[in-house]
Each structure stands twice: as structure tokens, then as C-alpha cells.
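Please find the structures below.
The following pair of complexes shares a single chain, subunit A, combined with subunit B in the former and subunit C in the latter.
Up next, the complex of A and B:
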């Protein structure tokens, strides 16, 4: 069956490593929701933050090689789950609207880029093209009673003139998708505050302070878990939660899901594609609270 | 308090370079402080971002390019998003970092080493090899215990590969770096 939604898929380097479960669950829910993904052939790294802090032409060329590879495919656009990849691809594409800059970029490439394909996040595709209603229709195991703090991270929606998606201060796409699954979405005040980004290795004091603030705020709104769309945010909040606790004296024990894992769970997809066991803070505590709330509601 | 003598140290070329490379008009900044108010990194900065903007206007090349803040900006885009005069402040911070690098300055050496190790990994394999990046970072900084507390958490998950995910076109990616270096040096 050929799908009406066919997109070039850019997994990003972390999808092969530290965010394996994000990649796997993204592929699984896209298949379940009728989105056909065609992996960009022989994709390479976008350069992430390091590239743009060194040089903008180099950074754009690393992204543009992937856009050029996608241009060989019969697709409606490029999608990626990772906000860092997204911002690099979209910023490169945006800047290459300037012909002189595009020429500079093409000078670094083997195969010139045309720069015609639209680029968006998987979240944007699900929200705008698949639609919240279609996701709601497919729910077989509602997440009623699971109280979530929706955390988008800083760059999914910013700057608005480049990212062109949702609201730059108070995004709601993930809130609406989670509500469609039946979850209880907390009004989380720090949706777009930075978690400390890639400073975990070189300056973990920074991540401890900024991610610590997010964890405190999630507890303040009585969330059972975080739900996020960014591999780096997820890593800082989940894998580094123990470092945050030891550096700030806190005792957080908060699971941090990818939104794709929760969609997959509500859609009744198999455990293998959701890979909940890859999360460092065990998610069982949050699900237990969800079940307790469901039982209390039923009785 | 640092006192800057503007008449002796104003460097007009610096202002021109920043404006040309960032495609921004720095004189539009009227010091409202919105960028600093929203900056999550201000408490780690030696100079807040609004003051960096003012120092750029005042042509203070040495002070600006030597500051730590440039290396601690995560490009979270708060400043750019909230600037009432639509100045792309994060892009200016990026450009200042580029200039600081070219001037051989790196007051946060660990951040620079992480960046360099990351890009070296991309240049070599076409994609980032996370485990290799960490080893390279630890070797270059001598911080051999970096994140050793996390190893028991992440290794059993099978999320870190011990070998790089090389790509067929890795030479193409290496050539992007090669041409970039040639352009820069020419």
C-alpha cells in the first residue's frame, strides 16, 4: 500500500545511540499512523551545535549534503525527530534562500543542493498533517490518570521566523497529542527553557542547575513524568538525573518519556518498538500511578 | 567595576566585521535588557549578553572576544526570539565565537575541546561516534573520570556503540572539511 504521506527521514546520530528508543518508537508510530518514511540514503551528521559555533558555511554544508541526498527521493519533504538536527537543516535551508550564500555552500559540496524540499519535525508532521483527531481515533489503551509535564526544549519552535511551527513561548502541539491519548497534561511553565544543552560533558554544573530547575518545576505541578521531544533534553533529564541529584542535593525520581513512546503505548504497539527499558529512570512508577488513578476512577 | 575608555579603544573595524558576518545592525540595540532577562546562562556568564551587545557597539574587540560568555552560550534562541528590535542576538554570539576562535582565544578550554572532538569525529566517520568522542575528549583534557558515574547506567542499555557507524560517503564529508579549511586559509 502506498501512503499519501511519504517523507524523507533523517534519524540523526543520536538515533543510532543514546536515543535509540526515540528512533524506534518514531518509526513504529509513523507506520501505525500511515506515514511512510524513506531513510535519506547514506545520511551524514548535520554537525549539531559544534558546527555552527565554528562556522556558518561549514555548518550549512554539513546539513545541505543531507538535503541534497533527500532530493533524489520521491518525497513530500524531510522530517526528523531531533530538534537539533531540525534547527540545523532548517537554518541551512533558510540561509540558502540567499543565492550568494547557497553558492558558497555548494562550493563545499560534491553534489549541489537545490534547496526546494520543505523540512519539518516529526512532531509538526503529526500535529499538522496526520492530525490530533486521527491519533485519538487510533487509541486503544488510553493513558488516563497519567499526569505529564510537557517539555519541548528550547529550539523546536525558536526562532519563530525560521522554525515556523506552533508558538515560540507556549507551544501546544505535544500537549494536544498527549491529551488525545487521554493523559492529564499539567500546565508546565518551563516548556521552552534550556536544559543545559550539550554542556553535560564539559560543564555539568550548568546542566545540574538548569535541568534541576526543570525537575523541580515538574514536581511542583505534580507530574508523574516528563514527556519530551528532544534527545539531548531527554538525556540531561533522565541519564543525568542522578548527577543533578548529587550536585544539587535533590532526590528526583522522575521518568522522562519520548512523546513517541507514549503515543505508541496508547496505540497498543508492542514493547519491542517502544523500548521503555532503554530509559534510565524506570517508567514503572509513573504507570503504577496511572493505573491507581484509573482504578480509583472506575470504583 | 571595569572602566572602558571609549575614545582610546573604539575599534570601528570590529563593529563592521560583526555586522557583516552576522548580517545584523548592532546599533539597533537600545539596551532594554530583554535578552539578558531571558538568558538561562546569565548566572554562568562573565559578561551578560546585553552588555556584550553594548560592548560590540562600543567597538571593544579585546574585551568581547576574550569573554567566557561566548563559549557558554547554548544558542537556545531566547534572546533572538524576545528581542523587540528583531536583532538575531544568538547569531551575533555565534559570529563572536567564530572571531574569538580565529583570534586564538578559548577561555573555556573544555568547551572548545568538546566542540573540536565532536567535529573531528564527524570529519573522520561522517557521523558522530559517541563513544569515540568521549574517549577523545577525556584524552585531550586529561579528565579521565568524565561521566564515569554514568557508565553503569548507560552501558547495560546497549545504547552506546563500541564501533563507529561509518557511512559510504565518509570521504565526501571529509572533503567538506577539507574544502572549508582550504577556503579559510586562502
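Up next, the complex of A and C:
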């Protein structure tokens, strides 16, 4: 195999819907960093949150089908930007290390899965395969002066024996990537705290409390913006920020970026592929602060 | 030969799952067996008397007892046959408890296996011969390794008993963990006030030689005659000349050296005396931080020292000592709290360990006894204590209870209120374990008189918010989540085996458990002995203990040493290797394989031959399986004896296969 990186890409359902900007910016930076993405042909739902609460075999079969589809490609592994998809793919793969379980899953599939391909998040790919140094080399517009609160969400690194990436209590992959872009990374203490997840539909009060706490903490460390790795977290912090404000009486006004958008910006990619305009809290405020800091520094 | 077989019921321990009467009946059919019976408790007085009577009545030449492990009662029964007038090596034991009744419930299978084991023992016994131990003299000096409170107690008791004592401590001063404590539970008396005088006694006792800043390099020999090499580490100061005046420590310009005594919560100078009551009170240079030793510039201490004691060129120095017994009191280490990422893992300045907090409370500590937050020096108001950090937690490989954390946390909560009456303490705990005298009363005092709020549950996370820390945990009694706003968090870290404990154990040839704690010979009946004769244990090297227990064990091991040294001559174990000089071809293979260096080459009428040094041989048998000639034989376990066991077992199998 050549030294170039070729990966099967699993966008997940939110990548084509609520987090379109995550998907397009991921594709854009991968192209810029020399990672070739091959979309998994005819991919299906990973099972998301409901499937594993009903039946572990069925839930694993849903993910296993996607793994089997990817196995037909000439790739070095499977990547996905979404931590929830990642959890399902990795959990299925982890469970199928037990041959008896794998057999049960294969009974449900049209074609059997081999379960040999490594599966990782785009974040892990950038951190471990591409490398922080390579990203730093490609930076043309450093994010100097932009103070960021890195927020990973609760499942990117958990459970550690399945996800097997970074520290489950104090992950640093995104911190290092952001620092490589020249950004000022705040020591954000709630990196892996729950945002309220899908309770945004059923119990807005819970999300308001949990996401509100994250926003408070980010302000406490004087961050200009959040940088996230999970579509659901991003939505709860960004889209629901006004809901949080009205329910808790706070006045948060903090942009919530995907880390892929910020990498794209530092690499000088065009605005269209980064789709900053899709963010609910306008990012301009944070960029203005960044520019002010850069000017103050220059003079 | 006439053999007697005694099958023990051991109450229901054996008889519950082994048909002992059948075992005895089958034993009667074995060759050379003249008598066989079952007995309720073979080890009891009537049981032993029964064996003696049978020997006399049936004129027996040897005895097999089928009962528990030889480790438990082999010496007992050997004494029994000796009392009946036989040589004590005309005895064999078949372990039908640990090897049979305790591991299976199938009576039929158990009985069959018990019969097999008895037949093997009887077959071996036919080839036994009487052995006579030799005696050797004892060097009545003792070495104590480790200068904590357990080692200090052991050394003083031995020295008061008239023995010459060598005390070896790896740090520059004796005192151990106890010397770092501010107060002790449950009396809240000053730790250094009760330990200090004992430390002075060590320094002044005419019978005690003290090596601090020194470690065990090598141990040779056996009980009664150990030869030990002690490595005295370079302190870069001539301790003969140093008076401990402290002028050098005042003037040293390198003030960022790690302060080990203060748990690195402060810094110290590169040349330092660890603490005011240090014994010996001598200066030591930390080579890593000394400007003269790192880049050749400075030498202020050398210029200022009134007794010209500084020796930058000093090297480590080996010292040889000969002793007859060793007391190991190497203590413990504290759990590394940075492994708990959710507690801040060393990232948050005001999340500190219990020992660091102890130093903040101590008048001789870096803050003069004023509790100050490391981050900004402010006095905390809300102090949260978290127990079981590195105790009772399988996820960090520490499933055991460290035992003393509940108590020292209660003490620290009480002292917190004493130091800062306006403060409020919280303790997150799993259970309160306070079983000692006045212990439970003490923890209750912390709650009831000092108003410490005890919350039963684990802490899931600590994070900073503003200049405070949010401690989030569960209250499992209320069944709810709780969050406490803290100014300072103290982690009650548990105990783990001292670093390097397994390496020292290998030098001492003693066993240690999977955590690195040293194993006693018997958990109940031989708590301070090890399986290596002449090596005794005291204090936390064996497992976490509080001060009273450590001191008690220090005295106990001293008593053992004094009892050992009450004899002028010790008997050597005759179960050692012996060379058949006619068969030996002098190839030297046994010399190479012997792990104890017990075999030497001698010249026998111009031919090289192997010779076993009786007092060093441990009877492991490696040489006997190495010897291509079969010339070296382990007494009591000769090739013939082992083959007899195998044969009797195989004959039965052979017969079965032809049926």
C-alpha cells in the first residue's frame, strides 16, 4: 500500500442533515491534508441511540453491515466524524471479537463481516495518522488570539476499553490540534461533561441546566468560543443557546465551532466549504476578538 | 520395614469429603504397611499419643500421616516420631486436605486420590534413611532495614536486649512517614514529640550503628551468618566533620530543589537538612539541583562551611556487614493520585494529597502550620476530603483497604477546625473503618463535636470554577447527586508497596504478593516471620498498618531475633544435596545452576569434584536434576525416593490399562 492515507468515510445521518457544516468541512480539510475519503457505498443507519437499548445483536448488525460494505473498498480503515456513530461502529466491532457473537451477527447480514478494519474518529485520524506537526506545517492563517474552550463530549473517549483513544477524563487531542493552529487553548475543565444529549427533545430543562453549566464554565475560563467534535453537543450548545438563556436567565453569546471548521480556516480554505454561516450563534464576534488581539500584538 | 499409616479426619475438613476409613483400610494392603488407622485429630495430644503407642506396640520403623499441609504440621509430627524413639526423618506426610478434600466435593474421587497420595508416601518412606542435623555457630548481630517507626522500635528493642544492631535507612534521616505527620490519631498528640526521643535514642545508643542515605546492595549467607553489602550513597558532605549548623543551607543560591520531606509542596535548597529533628542532623547535597555539581560554578557552601565538610568529589561507598538475622521494615509508598484524571490528576494546584495537607498543618512545614492554598496562598474555608483514593478500587489495581485513611481523614478534619474555626470540612467516604481502641469514638467526634459533614459516596469529578472547585459526587444515603463548593480538596491517598520492594525481596529471598507487599510465613501464627529463616518483617512492608500495629510488630520481630540468638548454636537442615564423590566427574554443571552459590569445586586426589557447602545449600534440588551422572543427590528427596513414588502411582495406572 502507498504511504498516502485512504479511508472509508461514514458521514452518519447528522452529517447530511443537522451538521452539514461538519461533513463538508471534514471533507475539505481531509482533502487539504492529503487524506483520501471513499464514501462507504450504500451505507445505512448505525442504529443510533435507540437500537442498542432494544437488542445488542440487532444493533451490532446495523453497524456491522456498514463495516462489511467498507471491507470491499481498498482502504486502511473506517473513519467517521460523529462520536455517536463511532461508538456504535466500535462497540459492534469490539463485541464481534467474540466469535460466537460475530456468528449471531453474521446470520442477520447478507454478506458476512470480517471485522478486521481499524475504526477511528476523524479526530483520531488527524491526531495519530496525519499528525499535529503536519497540520501545523500547513497553517497559512494562524488563529493567534482566539481563545478556545475545547469540548469533546462524553462519548468520544468512553468507555476507554472500547474507544481506546486519548485520555477518557482529560483528552488532549483537540487541544493539541488547536494549539497547532496557533489558537490559545483554555484549560477547560468540563471537556467530557454531558451536554444533555438527546434530552433536548424531551426535557429542555435538563439540557438548559447541563449545557448552561458548560457555557458558564467556558465563560469562566474567558474563552471566546467553543470548539467541539460532536454534532449533538454542537447543537445543544449552539442551536439551543437561546433556549438556555431564556430558561436560566443567562446571557450567553458564544460561538460553537466544529474543530474541522477552525482547521479549515487556519489552512486558508474557502468559506463555502467551511459553512460558518450555518452556525446559529454568529462566529464573527469571536473572529473580531481574534483580529483585535492580533493587531494589538503586531503594534 | 514396618510402616504405620495414620489418616486424619481433621474434623469435617477432610472426613467431610474423604472416606478416611476406606483410606486406612486400603493402606493396610500396601507393601510394608504394618499398621493403619484413622484418627479424629492427628495433631492433637491424644492423636500424637496414639502414634507413639502404635510405634512402640507394632515396632514401627516409619510413619505416614495423611492430613494437612507439611507447612502446617510436619515439624509437629517429626517431633512426635522423635519422641517415640525414631529418627525424625523416618516420617512422611500425605497432604489430603489442601490437595484433596478442600479442592473437590466428589467423595469417591477424593478417596481414590487420597489413597494414591498415601501409597506414594509409603513407597517413598521405604527408601528414607535417618538424617542428622549438623550445628553451626550464630553471629549475634542484627540488621534492621528501614528507619521508620517500625524499624526504630525493632532496632531499639534488639539493642536494649544487648544485641549489636546495624540500622540501614535509604533517605538521609530516619523517622519515616511518621516523622512527616503533624499529629497522630486518636490521641491527637504531636507526632514528632513522641517519635523524636526515640530517634535520638537510636543516634545515642552504644549498640546501634546507623547508616542513613544507604541501601542494601547484596546479601549472601543464611540464618546466623548473613554477609551484607550496604551501599552508602554520596551525600557530598563529610558527615564526620558536618555539625549540622545549617549555615550552608542558608547561603545556598539554588533554592528550587525538590523538598522530599515536605512532599514537594514547597522547595528547598540544593544542600539541605531534611527537617529540624533529623537524625543524623547532617547536610546532604541534591546532585540534580546543585550548581557546582551540574555546571561547575558556585561552591558557596564549600566556602562558608566552618568545618570544611563539603566533598563535591564524594562517591558512593560500599560497606560490608556480617549479621545473624535481618529485620525488614521498609515501609510503604503513597498512591500516586495523578492516576485519577477525574480528580484533576495533578493539574489543579489546590487538589492535594493527604500527606501534603499534613505538611501544611505541621508547624515545621513549609507554611509554618498555617493552612494556605498552594495556588494563591489564601486560607481555605471549605475543605473537602475524599477517601479511598487508591484504596478499594479495582480500576486502579488497588482492591485492598489501606486501613488508616478513615482515621487520618477524621484527624485532619478535626485539625482543620482547630486551625481555622470558621472553616467547614466535608468528607466523602465509602464506609468508615475504625476498628481500633478509641477509633470509632474518634471519627464520631469529628462528626459530632467538630461538625464535619460526612457524605457517603464516591466523587465522580472535581473541576475548577472561578477560584473555587466544584466537587461532584453521589450521596448514596440520600440517593442523590451532590455538589460541594470547595476552596481546597484533600485526597486521602492509600498505601502501596514501597518502590523497589520486589527487588529487595529477591535479594532477601523472601516472598511478596502481587502488590509487592512481603508475605509472612503464616498469616495468623507466624505474622512476623518469613519463609527464609532469620529474616523477619515489621510494619507496612507487609501491608498497610497504623502506628500502634507497626510498633507492636517492630517489638515482635525484635523478640523473635532475641529468641533466635538465645542459642549459641543453630541446627542446619540435613535435607540438602550430597555429592557421591566416586560418581562425580567434575563437570561443574551443578556449580553453574545453583542459585545460592552453595556448590564449590574441590580438588580430590588431583581430580576436580563438586562439593556442597552445607550451610548455604537450601535444598532446592536444581543441582540433582542437572547432574548428568546422578552423582549429586538431595537428601530426603533422592532419585530413588521420587522414582518409588512415581512407580507406585504408575503401577496402578498400568494395571488399569490392561484390564
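Simple rule for what comes next: the second predicted complex is superposed on the first by the 296 of 299 C-alpha atoms of A that agree within 3 Å, B and C clash if a C-alpha of one lies under 4 Å from a C-alpha of the other, contacts with A are read in each partner's own complex, and residues count from 1 in each chain.
Throughout what follows, contacts are C-beta pairs under 8 Å (C-beta built on N, C-alpha and C of every residue); 3 or more make two chains touch, one makes a residue touch a chain.
Bear in mind that the values here come from a model prediction, so they are computed numbers and not experimental data.
When the two structures are aligned on the shared chain, A:134 is found in touch with neither subunit B nor subunit C. After overlaying the two complexes on the shared chain, residue contacts for A:199 are found with subunit B alone; subunit C is out of touch. Using the contact criterion defined above for the overlaid structures, shared-chain residue A:47 touches subunit B, although it does not reach subunit C. In the superposed pair of complexes, A:158 makes contact with subunit B only, with no contact to subunit C.
By the touch criterion defined above, A:168 lies against subunit B and subunit C together after alignment on the C-alpha atoms of chain A.
Set against each other, subunit B and subunit C differ in how many residues of subunit A they touch, and the higher count belongs to B. Touch criterion met: A:109 reaches subunit B, while subunit C stays clear of it. Once the two complexes are overlaid on chain A, the subunit A residues touched by subunit B in the first and by subunit C in the second are 168-169, 193.
Every residue of subunit A that touches subunit B in the complex is listed here, in rising order: 13-14, 16-20, 42-45, 47-58, 61-62, 65, 107-110, 154-155, 158-160, 168-169, 192-194, 196-206, 209-210, 239-240, 242-243, 277-278, 280. Partner subunit A is touched in their complex by these residues of subunit C: 340-342, 345, 347, 461, 463-466. Chain contact summary for the complex, subunit B toward subunit A: residues 40-41, 43-44, 72, 74-78, 80-81, 88, 90, 94-95, 97-98, 101, 108, 110-111, 113-116, 118-119, 122, 126-128, 130, 134, 137, 146-147, 149-150, 153-154, 157-161, 165, 167-170, 172-173, 175-177, 179-180, 183-184. Residues of subunit A that touch subunit C in their complex: 167-170, 187, 189-190, 193, 216-217, 220.
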